[in-house]
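In order of appearance the chains are A, B, C, D, E, F, G and H, and numbering begins at 1 in each one.
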Amino acid sequence: MGDNESLKRLTEALKKAEVGAEEALRLLRNQATLDMGFARLDSARGVLRFFPEVVLARGKSAAEVVSIVDRLHRETGFAVASRVEAEHAKPLMDEFPRGEYHPRAMVFAVGKPEVERMEDEGSVGLVTAGTSDNRVAEEAGVILELLDVEVGRYYDVGVAGIHRLEKVLPELREAAVLVVCAGMDAALPSVVGGLFAGPLIAIPTSVGYGAAFGGVSALLSMLNSCSPGVCVTNIDNGVGAAAAAVRILRGTGTKR
Amino acid sequence: MGDNESLKRLTEALKKAEVGAEEALRLLRNQATLDMGFARLDSARGVLRFFPEVVLARGKSAAEVVSIVDRLHRETGFAVASRVEAEHAKPLMDEFPRGEYHPRAMVFAVGKPEVERMEDEGSVGLVTAGTSDNRVAEEAGVILELLDVEVGRYYDVGVAGIHRLEKVLPELREAAVLVVCAGMDAALPSVVGGLFAGPLIAIPTSVGYGAAFGGVSALLSMLNSCSPGVCVTNIDNGVGAAAAAVRILRGTGTKR
Amino acid sequence: MGDNESLKRLTEALKKAEVGAEEALRLLRNQATLDMGFARLDSARGVLRFFPEVVLARGKSAAEVVSIVDRLHRETGFAVASRVEAEHAKPLMDEFPRGEYHPRAMVFAVGKPEVERMEDEGSVGLVTAGTSDNRVAEEAGVILELLDVEVGRYYDVGVAGIHRLEKVLPELREAAVLVVCAGMDAALPSVVGGLFAGPLIAIPTSVGYGAAFGGVSALLSMLNSCSPGVCVTNIDNGVGAAAAAVRILRGTGTKR
Amino acid sequence: MGDNESLKRLTEALKKAEVGAEEALRLLRNQATLDMGFARLDSARGVLRFFPEVVLARGKSAAEVVSIVDRLHRETGFAVASRVEAEHAKPLMDEFPRGEYHPRAMVFAVGKPEVERMEDEGSVGLVTAGTSDNRVAEEAGVILELLDVEVGRYYDVGVAGIHRLEKVLPELREAAVLVVCAGMDAALPSVVGGLFAGPLIAIPTSVGYGAAFGGVSALLSMLNSCSPGVCVTNIDNGVGAAAAAVRILRGTGTKR
Amino acid sequence: MGDNESLKRLTEALKKAEVGAEEALRLLRNQATLDMGFARLDSARGVLRFFPEVVLARGKSAAEVVSIVDRLHRETGFAVASRVEAEHAKPLMDEFPRGEYHPRAMVFAVGKPEVERMEDEGSVGLVTAGTSDNRVAEEAGVILELLDVEVGRYYDVGVAGIHRLEKVLPELREAAVLVVCAGMDAALPSVVGGLFAGPLIAIPTSVGYGAAFGGVSALLSMLNSCSPGVCVTNIDNGVGAAAAAVRILRGTGTKR
Amino acid sequence: MGDNESLKRLTEALKKAEVGAEEALRLLRNQATLDMGFARLDSARGVLRFFPEVVLARGKSAAEVVSIVDRLHRETGFAVASRVEAEHAKPLMDEFPRGEYHPRAMVFAVGKPEVERMEDEGSVGLVTAGTSDNRVAEEAGVILELLDVEVGRYYDVGVAGIHRLEKVLPELREAAVLVVCAGMDAALPSVVGGLFAGPLIAIPTSVGYGAAFGGVSALLSMLNSCSPGVCVTNIDNGVGAAAAAVRILRGTGTKR
Amino acid sequence: MGDNESLKRLTEALKKAEVGAEEALRLLRNQATLDMGFARLDSARGVLRFFPEVVLARGKSAAEVVSIVDRLHRETGFAVASRVEAEHAKPLMDEFPRGEYHPRAMVFAVGKPEVERMEDEGSVGLVTAGTSDNRVAEEAGVILELLDVEVGRYYDVGVAGIHRLEKVLPELREAAVLVVCAGMDAALPSVVGGLFAGPLIAIPTSVGYGAAFGGVSALLSMLNSCSPGVCVTNIDNGVGAAAAAVRILRGTGTKR
Amino acid sequence: MGDNESLKRLTEALKKAEVGAEEALRLLRNQATLDMGFARLDSARGVLRFFPEVVLARGKSAAEVVSIVDRLHRETGFAVASRVEAEHAKPLMDEFPRGEYHPRAMVFAVGKPEVERMEDEGSVGLVTAGTSDNRVAEEAGVILELLDVEVGRYYDVGVAGIHRLEKVLPELREAAVLVVCAGMDAALPSVVGGLFAGPLIAIPTSVGYGAAFGGVSALLSMLNSCSPGVCVTNIDNGVGAAAAAVRILRGTGTKR
């Protein structure tokens, strides 16, 4: 916008010969470097088009989280934070009384993001192996719902009792994308991946103890899934899986 | 098919009261377990609907590979093998003169798979950081092309010389899905992920030495990408990335 | 039960020609998928036949543990939880005054499980290298005793003073199964494994410091035992070892 | 024997008062230490009672393997070696023309071991996730058959196509013990463990590449199995699993 | 000094023949070992010439830190401590009211170090990928400023939004040395390293979770940087990077 | 250049009003993106200004290496490859008879790079702990000499015999930069770092066995050096250390 | 004692022919197994001869530590505990007012152990790289002094300032055994090992941060020491080093 | 020697006042730095006094090994190399016909080292768990014998058959030092350490497969030995254990 304006003014000035060619060259080059760089254009078509910045509250003081949320909210009308502990939630709610805190998901949000829904946009199925994996699934689920994505929840259907998975299978198959959360042996994505033909994002969770190594066992298991095409995020990374699902639902070239 | 037949016959018999209710119950249950189990139905809607089994040649003798390829080819009219070394390629070509060997991709294929293309199906962009990553990208690329997926190649655009990436960016953005291959520091997916809003599948490659640890450095880097929604496959797993791309292009619920 | 009923009703309807063959086919197939799947049958013969679900209290709030224990207790007449800290134990005892808390084992149980004892069922010998390993052994021991398994305890017989092991050896040999708990160098299972011909389940414990790496040293040592046939569970996994012992005592095909 | 003789002579001497009490004490104590130590007795009731020493050929020269096999064969009438490469097999067959080489299992055996079968002894079911796991399963299988254990083989039933497992499930359940071999994500033991109530020994295999880390991924997955009571051996350790199965079938106290 | 004195006295004594040759030999040798060793000379030209000892407060009690700071301050007129928590800062400020505590950097300093600035000494640019990396950058920055090094700060310019980096690039290039702090995928040093020809010191930070492994992912990424000549310090090692920068600015041979 | 030309032509055209403002705007923006982007400018001031691209021969076929060297040589008049095995060296020498092969360094070079030497440029001291570390030092040394950097070699001065280091210390101290190569315990950089005030680049080498873990032990040791300001490269990374040294010698802002 | 009695009675009975030879044989064999096993004899010549059992307080409740110390003290007249936190120390001092708590060493002891000093027994030199390593050295030192071993302390002589080591070298060389404690790069044992010909026990300490990995870096460095014959204990294992020193001072065969 | 001479000459000159005090001071200081530095003195009392430099042949070409052996032999009259493969042995024997090659130990030696035996020097007992550990034990053994140390061999006495250990125990106990070699679970040193009061050096061997991880399992096991005072060397480090034994036998202060 402003760029266009200043460029227009420059070209007009050039036409009017108000500036010499050498000087124009210098101005143009600066213009190109400072204002017209591909980076700004990028951001218009980059990941931020469909997915907001998410503040990681963990490891930050409540004051820091409040301050970052405040800035984002004022700049964009929307702010969302993940891994929001009780100690963060109280001051956030005090500061942003219209905000919402989702304790199971440990997500806090205030305002409403700009959302571009696709026509005929499918839903995201959230699947967990055990109830301990639900917090991570909810982190993805709450964020997806904030972005107006339709979400289905299929929790506690781990393979040790495979009849539980069977029951939800027909519904699962209606989803456009599945997000499968599992810790320990993380066998669930491999089984689901053989029964579902669509995109499957696997989140290893830090559930388990001993040789679970804080999610490493699940991570390796998922990376080595015997079902082809299982994609993996970082351990406990509900935000990342939500972003990956949104990339699939809204970011494929033919739909944009 | 045969299932349908036998079920029809059973229901006819029931109607005709040729079998008693108890006996029918027993037969039905057996039928359910043996012939009608959800598993067979699954395979009709599972991952194999869109993506064929791929034989991993590495670690198998040439004779073993020939034999497995032969069986798959006879059963389904198509067979494809990955990590096909020169020692496998020769006997495969001798046995299947109509087959094709792609030495850069180390992929051998014979016959033609059944393919269901989507309407308005997008393309897959293959991106590599350096030329050493190309073999892995080609593994994905050749398999995708065998499945009639449109493929674009953007090789050797690593971030150490970021102008190379800039040049191909406009084209990259036209793809429906990107597959980004990088070893060592694997910084490329993070940069691309910030500039591209669509689904991005990252393949860590075993390129590098020393603390590259056979691809572990790249794997960790990708799992921790600062660009949200980057999904990761196993190290050097071109086949898996191809499967993930196909899941996205053809397997989302709203399109099936 | 209900399944049988609905199937009977369906076959009756078929006989009475109230539904056509095609419609019956559809109903049957649904029936098969939804109600008659092998999974339910499985559970009747699966691991749950002999071993109850054990709630892992660690990492859950007291309220969560109470709620899960309550549900299991009401559904099955029995509930058991492991890794029950003092903070969990108090509310559990308040809520279930008939329950029992075993502080050394950190196990809480309420109600009585259904148990199928085998004829001539042998006993399980619990062996520890040092007193710090006892908590893990007790976790296995208390759970086994809840299931009416006979248990012998042989604690603190580590190999640094091998005379301690010698003393209990004759008794040890009378057990049907041994569960050997050791941390640090985990040399005990190798020595016991050479002196005892029966099934030996080894539990690596997180006892030790420094290069013990929270049980990894013991785990590797056990996996590499020079005595053939030593089987290993996860670190500190008393529940798992109890389950493995029950599988051996009660689950072998010829005895069922 | 000689021990008995010398003890008898000593007691005779004592009776005849040829030695004094003090001197007898000293002699007896020596006797106890040198000849009557529990170790020799142990071996009579130790692991070797039911399971022979197995020579690991890998890493040894053909000459070394031949020499060890020869010594064992002459001492006990039986010798068996595992991981026997082609380079070992040829000289072994030349030296022991009555021996048998099992190339798939990479096992060589000559002679016949002494075997004590139990009454009503059950069978061992060998289960593999993929055909690449079969070598390891065969290592266990051939050795079990040498010891007159009944063996069932259920190969290539991995969870990516779960209908394959369903087909063999009824037979699987007849086994007294299952040995489940899987690499990569090693999801199979968790699924089988939920459907089978008996003892389940899981062997992680070094099948896979990249983040499979030569079997580590499978090992961790199995140690963290969500099905309780899954026991684990070292990577690729078919011999160990066979020994564990024999311990269960023949070594439990109530049957000995 | 004293050394020179005692040596002079000894040589005088030798001239005056007050001591014999043998005795002188012994004295000289002792003198050489005790007082004239190269080590003391070293310290005059060693690392301490340009960079002070920095007390690591973490893991020490407040009393210990106060005591060490006190000793250093009294000996050299200057003391500086890093990783100074609030619990250390209060007693330090009480004890040294003229000291300064930099809470963002967690650095405490009292007194003024002796500094030898070079002629035409360049500045150090501190670059961070995200705001969570700033504490580490500040640790380096505050220490550099205590040593009168000119510092520029370019924070939160990570590659997920590469336009942020572009904006500061011209200024960055004016620095003599860059210190780049990044966690997670640590892609920033590779991108910067391709755009800046000067010395680049990369600090991996422990920012991130899951497979970030407390900074290991970032560390490996930096060690494998695709930009040649990126040098790496320990995780979160702001002090070390400051020292490396000072070595470059002030310690190169041609400038000393 | 060409850019300048086309920009000049454009501004002239604008002045002459041969193109309209809108059209000019479009052209300028294209110009900015395609030709004037910061990336090309970058390369003019980026790492390639002082340090050439080095071809990693390891893992490439001789034909591939020859082809890449040929392209680089034709484009820039210079090409250099590292980790050049005997199998690569022969065809390279055949193809480029004017090239030079340095077998100890495993470096091949042909042509002459453009070099900008600084005034009063210091030298680089190469230091090794043992003779097995020399190959890595030579990789750095030969490349530095190709770039007209003055190099001193101080080999086999490891700390197990600290008198060896003492002998060369005075000379070492004359260097502007030290590159210290050590494997195993990598104690040398810590000792040297205490005696030398200038920039010190440490290369961990893969020398050693067992718990040396292919250079990991040395890498960790160096990252944790008790001498502040020791910078570390990847294992065996002579090229990287050479690049880091050149960055220091020629790339600091005040000298450019 | 009792053993001797019962053996005497048996030999008397044999002489008196009150039992037959066969019966005597059985009794003797039992006797041998139960009471006369080599283990008891062993303990008389085993490690406990020179080194007492040391209670590890860490991870135990104060009550547990008090109870174990009490039992040991009553049985042997002496008890010692390591890693005694303030929370343990208070109740221990209350219970054993004659005990001594060494807070720097975190060692508590009560009573006096039986000690066998060797003639001309040498001293143990304790050497640390930095003051943070002193706690571990003190753990060894206090225990050695409790056992009447002469101890010399040479603290804070790390290689970053090698003149500090030089000063104490002549004294160090008078020790019979050196115990060298170092964290981080653990370069000190390698330097000392080259200057001292006697036995050198290296303790890696968990001092450091980041890539120090809680002592792993120091451990690997010491295992790979370039000085031959450096022996290593577990991380922070002052007790183990004290035991190793006592084994050397008092346990060598020629001196016993 | 020469040092003494030149110092004497200097002191004479001083006495004769042939040089001034200042000049003498300068000469003396140089003398101290160049000729009298503690390093040279060190070597006279350092590790080389009792233990020769051992050439590691592995990873070196035959020509390199021959050349280093030749230099050492000419300088000191003795040379020894370890890990000498067949490819090294042939040229070594050709070059040094009086040399001796020990193929089991993979050690080559030529000439005779200067040896200082202690009065009443004890012997070293070499103990192995299995025959595969013997090569490492022999590496230590052959080198010790070259240095005139008395050696006893107790091979293949692993704990899986503990009666084997019992047999050799009385002899073992006569040794002054034990070197215990074990791979896999490395349980042997813990058992031996409880039965033997003298110094015990444990060598982890790379024997085993899968989770043995090339000796890491054994290494961790030994570092965590439940027998106090077990000291550990690097994996397979027979040379290091020999050096440690010699340090104990000949290097303790009271004996020198």
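The criterion applied here is as follows: a residue touches a chain if its C-beta (ideal position, glycine included) is under 8 Å from a C-beta of that chain, and two chains touch if they have at least 3 such contacts.
Keep in mind it's a predicted model, so treat the numbers as computed, not measured.
Farthest chain from subunit H (centres taken as the mean of C-alpha atoms): A. Averaging C-alpha coordinates per chain and comparing to subunit D, the farthest chain turns out to be E. A straight line joining the Cα centres of subunit C and subunit H is 50 Å long. Centres computed as Cα averages put subunit D at a distance of 59 Å from subunit E.
Averaged C-alpha coordinates give centres for subunit F and subunit H that are 39 Å from one another. Among the residues of subunit A, those touching two or more other chains are numbered 33, 37-38, 42, 46-47, 160-162, 166, 193-195, 210-212, 216, 219, 223-224, 227-228, 234-235.
Residue ranges on subunit H touching subunit D, taken from their complex, read 131-132, 160-166, 170, 207, 209-212. Those residues of subunit E lying in contact with subunit G across their complex are 33-34, 37, 39-40, 42-43, 46-48, 56, 58-60, 68, 204, 206, 214-216, 219, 234-237. By the touch criterion given at the top, residues 129-130, 158-162, 183-187, 190-191, 193-195, 208, 210-213, 216-218, 220-228 of subunit D touch subunit A in their complex. Within the complex formed with subunit A, the subunit B residues making contact are 38, 42, 45-47, 49-51, 54, 120-123, 166, 169, 173-177, 193-201, 219, 223-224, 227-235, 239-240, 242-254, 256.
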